[in-house]
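There are structures below to look over.
Both of the next two complexes hold chain A, though its partner changes from chain B to chain C.
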Partner chain A sequence: MKRPLRWNLILVAVLLLLVALIALPFWFVLTGSIKAPAEIIAREPTLVPQSFTLEHYVKLLAASDYPLYMMNSLIVASVSTVLTLALAIPAGYAFFRMSFRGRETLYRAILLAYAFPSIVILIPLFGIFAKLGLVDSRVALVLVNVAFSLPFAIWLLRSFFAGIPTEIEEAARLDGGAPFTVLRRIMIPLAAPGIAAVAVFAFVTAWTEYVFASVMILSDAKRTVPVGFSGIIGQYQIDWGLLLAGASLSILPVVILFAFVGRWFVAGLTEGAVK
Partner chain B sequence: MKSPKNILPFAFIAPAILFLSALLIWPLVQAVILSLQDVRSVGTSGSWVGLANYRKLLTSPMFWDSAWLSLVWVLTNAVLQTLLALGAALALNQSFPGVRIARTWIVLTWIIPTVVVVMIWRWLFSTSGGIVIPVLMQTGVIDQPVGFFAQPNMAFATLVFINSWRWFPFITLMMLAGLTRIPRDLYEAARIDGAGAWKRFTRITWPLLAPTLGVLLVIGTLLSFNVFDIIWLLTAGGPAGGSRTLPVLIYETAFKSYRMSEAAAIAVMATLFLMAFAVIATRWLARPPEAR
Partner chain C sequence: MMTYRKHYLLATIASATLLPFAAAAQTELTLWHMEQPPHRVERVQMLLDEFNASHPEIQVRQEPQNWGEVYAKAPAALAAGIGPDLLFAIPDFTPVLKDMGALSNISDFVAELDEAHDFIPSAVEAYSYDDGVWAVPLYNMSMNLWYRPSVLEAAGIAVPQTWDDWQAAAAALTGDGSYGMGLPANKQLYTDQTVYSVMVNGDAAEIYNADGTLRFDNPQTVEAYRFYNDMLQYSPPDAPSWTWGEAEACFASQACGMIMQFSVISTYETQAGGDADDLGVAPIPSQSGDEHNAIAYANAVMLLSRDEEKTEASKTFVRWLLQPENYGRFLNMEPGLFMPVTADGAEAESFWSDPIVEKYRSQIETVIDNSQNGMLFGFTSGRVFPAIGAISAQNVLAETLQTVAISGVDPAQAVADGQTRMQQLTE
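Entry: the complex of A and B
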């Protein structure tokens, strides 16, 4: 399909705007984290760093609890991801590959859960967790994260499960496969891209979560990156170099994850694109 | 495949349903119970006060101010996000070198912690090395540095921008889903019939994209309403209550002024309102069958 020149110009303009809006801020943050302090706060910001230093990273890793926060976040996000998958895959399989009474109603109810104002359950959940002795534990964060990502995770699986031809499943069943075996041996491998998409979503949800982590976690040693980092922001005289280094490092794990399975996540969101 | 006595599907669904019931539904029930009592801080017990908390709320100007702000917040975010996402989605629906990379990495703004989003923009908007003020001064938009969070309306607008910045790529991808579903032949046929680009947009793209836009507006509304961390971390609801939306008010009431029951009452009202909105909106969207 050929485009006339003026449409190409508009397209280029929109794309440049997107780059300015999305890539540029990240560029400034990443390059800022290796600039000398004086250059970071220069009146005329420099697009290309004129100085190079790793002092901000050294300070962050050596003099703050940042590595500990990173560890906590990785643990919480990983466990949340696994648990989300363990709950979402069977549910998605049943919703999108089986027919049963009340399917539509249940599915709608789950979607409605996505409309839930999360702050609403913060108050009662704090009370409930206090009774169960779960306040100040990472388990609490995992439970909350999974609850928030599960409804959308199930929805994400739809196009992936629906895209698998029925014949394959029928054949496996005729060969005497038990339902769980069919799910494990046939459906999960075929729906692997969808599972990757859900994993990304669950990980990101947990990785970025701030509110519950800030209320539920009391001891410094159990803080996740968002809460620990906001503590660092408040605790020191504003040291932009340190903060930029912290920001850059917090972006790193999700960017690595996204580099590997990001396209499946995007395919899951854009549905049809996967077929 | 369809024996009604089959319990297998339920066995597969039960764990997820039980989990969500325990962590979403049960706390919601607790919130309702809490809202009918007079509990002040967590863990203490209270006595029943009936609907007193609700009565107090309905006559509290602070609550209504906050509800109004929430409405403005949701609307402004919906408009800005949808416009940005529509522009981005139309561009990313074209073919050009690097489109796959652009489609994948556009969500970069959404996969990073909100705390980091907040820190990044606080710096970019600051006078200590931030790029925004120099650019605005160079282009003549402003002639002296402005405080983006100093004055209530300005702070609110800045928050809307930052929140939309975080969410619009996510909406873009879902909009792309709607765009890719429009058959290419339609455009070809229209072109042969001599329809110009604008006409193709208004006669093909827009009507066929409208159902997707509707769904996204609903999702966007729900997502925006719930935003708390960005506001709290940047302005803490200020200045002068200028960004105290309902989630901020709930948090303040519960964890700053230690009036749990009142906070629960606000939360219950907000939930009722949102659920009603979600149900009505999905009904309305479900009317034309091709909307799904």
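Entry: the complex of A and C
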């Protein structure tokens, strides 16, 4: 059935409005980062830059510890992602495949981890980590990030494994495949969209984590981007160019990750949504 | 030749044997401060490098922290035994650490420094209570009224002295996309500071009676809130959500004719052209115009180590930092923002020789003059009420304004509610 032209126009207008709502803040941040200081704070904001400078990026990368913060964030987020996947895949598969008492209850209970705001456990966790000598170490951040990503990752992956036709798995078992071999050779490749979705989720969660990173890390050399960057911006005086340049660079790794696994991520989310 | 070789061998052996002892004798200190912008960290590092080079027996390293987290982080780190040896503070932060037993009375040390450098009395008073002095004042910050002389002249207005002048000036400067006065109204520290700056100029500086009971709910405070709320009509529509940075940007872009701020010099210099002749600073107008006051903070350093050797090393570092030849360079980690708290620091060549300070000398002299009448809520009239820490931590002054400006509650009712809230927080 053909839609009337009027409805198409309304649809396009609504879509354009939504795109503008999402894209405009990014546009202002990205273009602002290459504007001269006076233009950034001008009374009338300019949609198209009237000036061009890279001074904010030069200052950010040469005169601050931002590159170090980026490196720390990359290490923490990457290791957290790999560990989350390494634990969530077998755990998700075990919840799907293995039969044990209380399986369903436990499966639902793991999401209870999100019932507690992180701030509630911040100070007790600090005390425990201090006793273990983990305060001011990136290991502490990895542990926290994995602990917070893992429940949702397990929950999501189990639903992916459940969506794979059982005949495929049974055929592999009949051919003599051990559970781990079946998981590695059959189930993981088939659950790739779900694994990609979990990887992006774990990476973004670790990349943007602020509360624990701000308290667990004491020395400047180990700070991650969200915490280090908030300090660079300043309190009483804000260098707006520096802020916009830092914000622009901070989204780069996430954009790159999405560029590589974005297709799988979207597929993973939509598949997960109907299972 | 043989003798030389023998001596060389002996010297090598001696060095190899003694060096570990020399290294072991070095006292390592960790300094936490909240001056995180890169140029301030760089300046502190430059000074630390100099100190460490001139005091090989002491090694001080910095770990910049964020004001947003340090109230929770410092107590937790100290309780876990991994806290700093030196920690910068503002007056309402010190009671938090004193109450957990992390601070020792350093009145003798402060008296020694006072003898050598002559502290501004109010700077020391903010850290003197419960029969002790708990931190060494380091630098002052006071709130001022910033304006552009050319803008005021074009509108045919003089620098406001009274609240009536101020309101008339703000009204005259508002229109055609410009706003007379940039004022915040959200629940955070900047609003606490601007609200109190109006209160201290409306005879409402005292939040406590001499006996420690609250006197926030009084006609003068109500009048100050009413005036502040009236002035908000001359602020940009987004101003209620501002912090310091947005106010400065508004001023730098000439969208705001006047703002209250500690200093705008850095931003004005780097982002607004930096015409020193067109930057004006004045005391905050008072209700009657007779006496002008301002909110002022003396930032300080707390000595936290329990180890005697480390405490002595910390004192050596603070003594060195307050020497006029070093002190000015320390203050100028942010030129125009941090003001001296010592008499010899106010005259130090190292302070006045900075290019930015030289350029804005008249403005900085005015800021220093204004800071002489500096006050801080809970630390007034020579009395200190450490319970103010709980009140300022919850931004009750700002919260009270918010109920007036955003929720439309009558100022008298809002101030009464504010006092009740203060009582609840300090009981």
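As a convention for this text, the second predicted complex is superposed on the first by the 253 of 275 C-alpha atoms of A that agree within 3 Å, B and C clash if a C-alpha of one lies under 4 Å from a C-alpha of the other, contacts with A are read in each partner's own complex, and residues count from 1 in each chain.
Everything that follows uses one rule, which is that contacts are C-beta pairs under 8 Å (C-beta built on N, C-alpha and C of every residue); 3 or more make two chains touch, one makes a residue touch a chain.
Please read these numbers as outputs of a predicted model, since none were measured by experiment.
When both complexes are overlaid on chain A, chain B and chain C end up clashing with each other. Look at A:22: by the touch rule set out above, it reaches chain B but stays clear of chain C. In the superposed model, A:219 makes contact with chain C only, not with chain B. Of the two partner chains placed by superposition, only chain B is touched by A:112; chain C is not.
Judged by the touch definition given at the top, the superposed model places A:101 against chain B, while chain C stays out of reach. Of the two partner chains, chain C is the only one that A:63 touches; chain B does not reach it. Taking chain A as the reference, the larger set of touched residues comes from B, when chain B and chain C are compared.
In the superposition on chain A, A:240 makes contact with both chain B and chain C. Across the superposed pair, chain B and chain C both touch chain A at residues 40-44, 122-123, 126-127, 130, 215, 227, 230, 233, 238, 240. Taken in their complex, chain A has these residues touching chain C: 37-38, 40-44, 59, 63-65, 122-123, 126-127, 130-131, 135-136, 214-215, 218-220, 227, 230-240. Residues 1-2, 4, 6, 8-10, 12-13, 15-17, 19-20, 23-24, 26-28, 30-31, 34, 42-43, 84, 87-88, 90-91, 94-96, 100, 102-116, 119-121, 123-124, 128-131, 134, 165, 169-170, 173-174, 176-177, 180-181, 184, 187, 197, 219, 222, 225-226, 228-229, 232-233, 246-247, 250-251, 254-255, 260, 263-264, 267-268, 270-271, 274-275, 277-279, 282 of chain B are the ones touching chain A in the complex. Against chain A, in their complex, chain C makes its touches with residues 34, 36-39, 41-42, 62-69, 72-73, 76-77, 79-82, 141, 177-178, 243-246, 248-249, 252-255, 261-263, 266-267, 270-273, 334, 337. Interface residues of chain A facing chain B in the complex, by the touch rule stated above, are 1, 3-4, 7, 11, 14-15, 17-18, 21-22, 24-26, 28-29, 32, 40-45, 86-88, 90-91, 93-95, 98-101, 103, 106, 108, 110-128, 130, 143-144, 146-147, 150-151, 154, 179, 183, 200, 204, 207-208, 210-211, 215, 225-227, 229-230, 233, 238, 240, 243-244, 246-247, 250-251, 254-255, 258, 262-263, 265-266, 269-273.
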